[in-house]
């Protein structure tokens, strides 16, 4: 059994983002052949491909920072639930299409702010990657924003479903901003992230005629310590099955 | 990687039944905390426990016939899709409660006939086990029969859902009776199985006021050669995750 | 004080049982309904965190043990709902209260089960804490509840042993297994101690419940009993108590412990824990997805009744 | 013969393209709609057997390649629906015909994908067979269809290479991987050869289609071309052709093959194959589960149109 422990603080910081993108990619991949229209199927695949792409690039940096003790694939396919550090938001299921776009938008606004700050990071490769990612996310954000407006202002049913998805997933936005020392080391201004995120989502609430759910003090166990919703374990069971079942195989 | 190949013909025969019971158990376990009533939740758990129980006993016989080259757990948790030999019927999902009871009933009537013939098998242990199993199955069959009558004669909706589940799953009944040389070696009268099964299901159709779907010539690839529906692979991914992920661990 | 109340107080004073046919103060009835229904709902909602690992149980034995355990919990829930029914409330009403957030269940079930070791920790710690409480409730003043506790305790202690067995297997297993075992202990230790409820001084219902002998021992007493029993088991497992202040105190004859995070406790009780929304939603969905089945069963029963009359 | 028909026949005779604005015989139009829609539906339904392994793709690269491939198929479907639309039928009508079982799709997609090696076999054999057919259709007489084939062929041959790469990886991998590769080949070999359709003598639409140059090569010719190209690839992989009669024939200059199981072929075409019901049901469910989204988008478009007018 290969044991993958990430110890370098910069790698710890990056793997949080990498894991989040890969798990979101996995959720988007689930939508393949299940979208409302063929055009949307193609659009969601695009978003998924972008997630996997940047997830992989980030994982290469993580792997390099850990002296290539493991490959990016090892990192994705051989860590267990407690060794994953994705945000819980991206683990949430595709209960209906409203969940898909709400999850995407809340994520997009958040990572926009993260990558904006990383775009000027002194680590050249990371900075370059972040600049590229910002363009992808901008597209994704517009896409999910547009859908939220259409759903929020479409029919009674679409409004109700979208508000419901928001109410449920809102719970997983709090932890995004509970930055720890590691975050604060690599992000230039963590306060700005929360402030800008709030601007971004409030703009959407107004445009889509949706209600901002109440912010509450919660106890949901921090993703930075590898705490997850119960969904993650099930995602990993599928995702990791083959490499786990055939440990000697190359794919 | 442990390779589990079953070569003894008697073991090949038994593993078909064992696999079917275990996969059905897995489907019933999925219903845990999802049944229409608490009483039914308990009843379905009972059926599931019976499936796992007899699956394990049969797997012990398989293991013994293969000179204990592998344990019953190895056999369940370390064979892949193509090495499983369950009937496709039991792989079908719990789309709604009608699927659960239709699948159960079609299965129960079938294995009743199988175990009736095995109850007089010269293999003493198998005969004794079969006699015990027949009592369990009798209970299960009554239970699913009762539900089918209630659903078939309940509301418009329940009738429609039940007939639909029947129409879909009927397709997986044909292969049950395409007995091969191995089956014919260990079953005393394979013709009687099909005949009695037809009597049993026809009785149910009459009692539940449901329509018997048309029998057609089909090409669905025989489970006896390890051909499955796409559902099996996904069932195995969950079921086998832990033993695959931690090959050195004992549980 | 009317004669009914005198008779009731007399029964309580003599440590005799109150039975469904007996007169009882309205507040006693309400208090009991609250407690029994909370207990029943806990059994039912408690099926979910364990159900989460049912399909992934790593051996045939583990799978059967877990499924049988969850089935027992359903059975306990059923039994306890029927105890509540003797107090004049229907199962349907009880479930409605649960769905409306008016009735609570044990807050521990709002924590997620994240690895297989959690199946050990839940059985060993959560069922263990429950038993300590339930043993004391075998002497509760309401007869049907007291008798249900006798039966339930037997099964629960079986569950606890099975949970401990999983912990032994993990703690004595591979390094990864041991790590999972320690991690599960870390996560469930404090929440399971808080299961006994607030400290005696802060416990809203405690004093009246003790007077009526609904409750027989105080929260802190039971909690300490559980700690004193469990710490040696942790040592036996070769694991570390996840509380640096948890040491044997010669003076008190008990293990000390750090102050608990009651903010967290109340936050989770009030619905803001890791899985509160998911647990309730799961239960509601199972009910609503299957509404058509219950309607069909009802319709069939009506039809067959009518034809019975017609014959 | 009226002047339109003369002009049409003339274009066909000169190997020029028929364009949407051109007059065409009603049967030509219908025949084309049937063929193009069958092709479009095949792309769409073909997403499912591959989608089945998307969540289980065993490496980041494999996952991205597979997702991109399925996305391309959706794109091809979209493109082909729009080709059909130039013939005067809407996408909605086409999908309805699919759901009603009036329109077909390539029967190969009714086979299940049972192991990861199937992702190799599908890309290599199924896309490979499709390409052989599609290359010949680059010269089909209907302009939009011919042009779509040029673009689609480029992407398909990319897919085929990627499928072959998976086969190489598996065939040259561990013994289990090689076993999976051989098994996938065994299962997909004959069905992919039957993809070219019945023998020329038994092909219902062939002769008229050839006359109209919708179809440019016969089924048997294309099938033989595919076999001749693929057998050496099987040898390269170190795998065994799952047909003992498949040997090089010096006289014909082609590989021989055993007779095919046409009973199986027709049985699957008629809806009685391993996954026919599941494929169609999946497509219907995606449509019906998302009906509210399409309604919302429509309602929103209506509202914003009205407000545009009001301004």
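Per-chain residue numbering starts at 1, and chain names A, B, C and D are given in the order in which the chains are listed.
The working rule: a contact is a pair of C-beta atoms (placed from the backbone, for glycine too) under 8 Å apart; a residue touches a chain by one contact, two chains touch by 3 or more.
Everything numeric here is computed off the predicted structure, so don't read it as measured data.
Student: If you take the chains that touch chain B and keep only those that also touch chain C, what is left?
Tutor: Looking at chain C and chain B together, the chains touching each of them are A.
Student: Looking only at C-beta pairs that count as contacts, which pair of chains has more of them, A-D or A-C?
Tutor: A-D
Student: What is the distance, in whole Å, between the centres of chain A and chain C, each centre taken as the mean of its C-alpha atoms?
Tutor: 36
Student: Measuring centre to centre with CA averages, how many angstrom lie between chain C and chain D?
Tutor: Roughly 57 Å separates the two chain centres.
Student: Return the distance between the CA-based centres of chain A and chain B, expressed in whole Å.
Tutor: So the centre of chain A lies 40 Å away from the centre of chain B.
Student: Quick check: what residues of chain A touch more than one other chain, meaning two or more?
Tutor: 1, 80, 237-238, 241, 246, 248 - these are the residues of chain A that touch more than one other chain.
Student: Which residues of chain D are in contact with two or more other chains?
Tutor: Answer for chain D, listing residues that touch two or more other chains: 56, 174, 176.
Student: What graph shape do the protein chains here make by touch: line, ring, star, complete or other?
Tutor: Graph shape, chains as nodes and touching pairs as edges: none of the named types, so other.
Student: Run through the chains and report each pair that touches.
Tutor: Every pair of chains in contact is listed here: A-B, A-C, A-D, B-C, B-D.
Student: Per the contact definition, I'd like the list of chain B residues that touch chain A in the complex.
Tutor: 1, 80, 234, 236-238, 240-241, 244-248
Student: Report the residues of chain D in contact with chain B in the complex, numbered from low to high.
Tutor: For chain D paired with chain B, touching residues are 49, 52, 56, 111-115, 174-176, 180, 183, 264, 267-268, 272-275, 277-278, 281.
Student: Considering only the defined contacts, which chain A positions touch chain D in the complex?
Tutor: It comes out as residues 22, 25-26, 29-30, 32-39, 41-42, 45-46, 48-49, 52-53, 55-56, 59, 72-73, 76-77, 96-97, 149-151, 153-155, 157-158, 161, 238-239, 241-243, 246, 248-251.
Student: Applying the document's contact rule, which stretches of chain B touch chain D when the two form their complex?
Tutor: 1, 3, 80-82, 168, 171, 216-221, 227-230, 233, 237
Student: Give every residue of chain D touching chain A within the complex, in rising order.
Tutor: 44, 47-48, 51, 54-64, 67-68, 70-71, 74-75, 77-78, 81, 116, 169, 173-174, 176-177, 282-283, 286, 289-290, 292-300, 303
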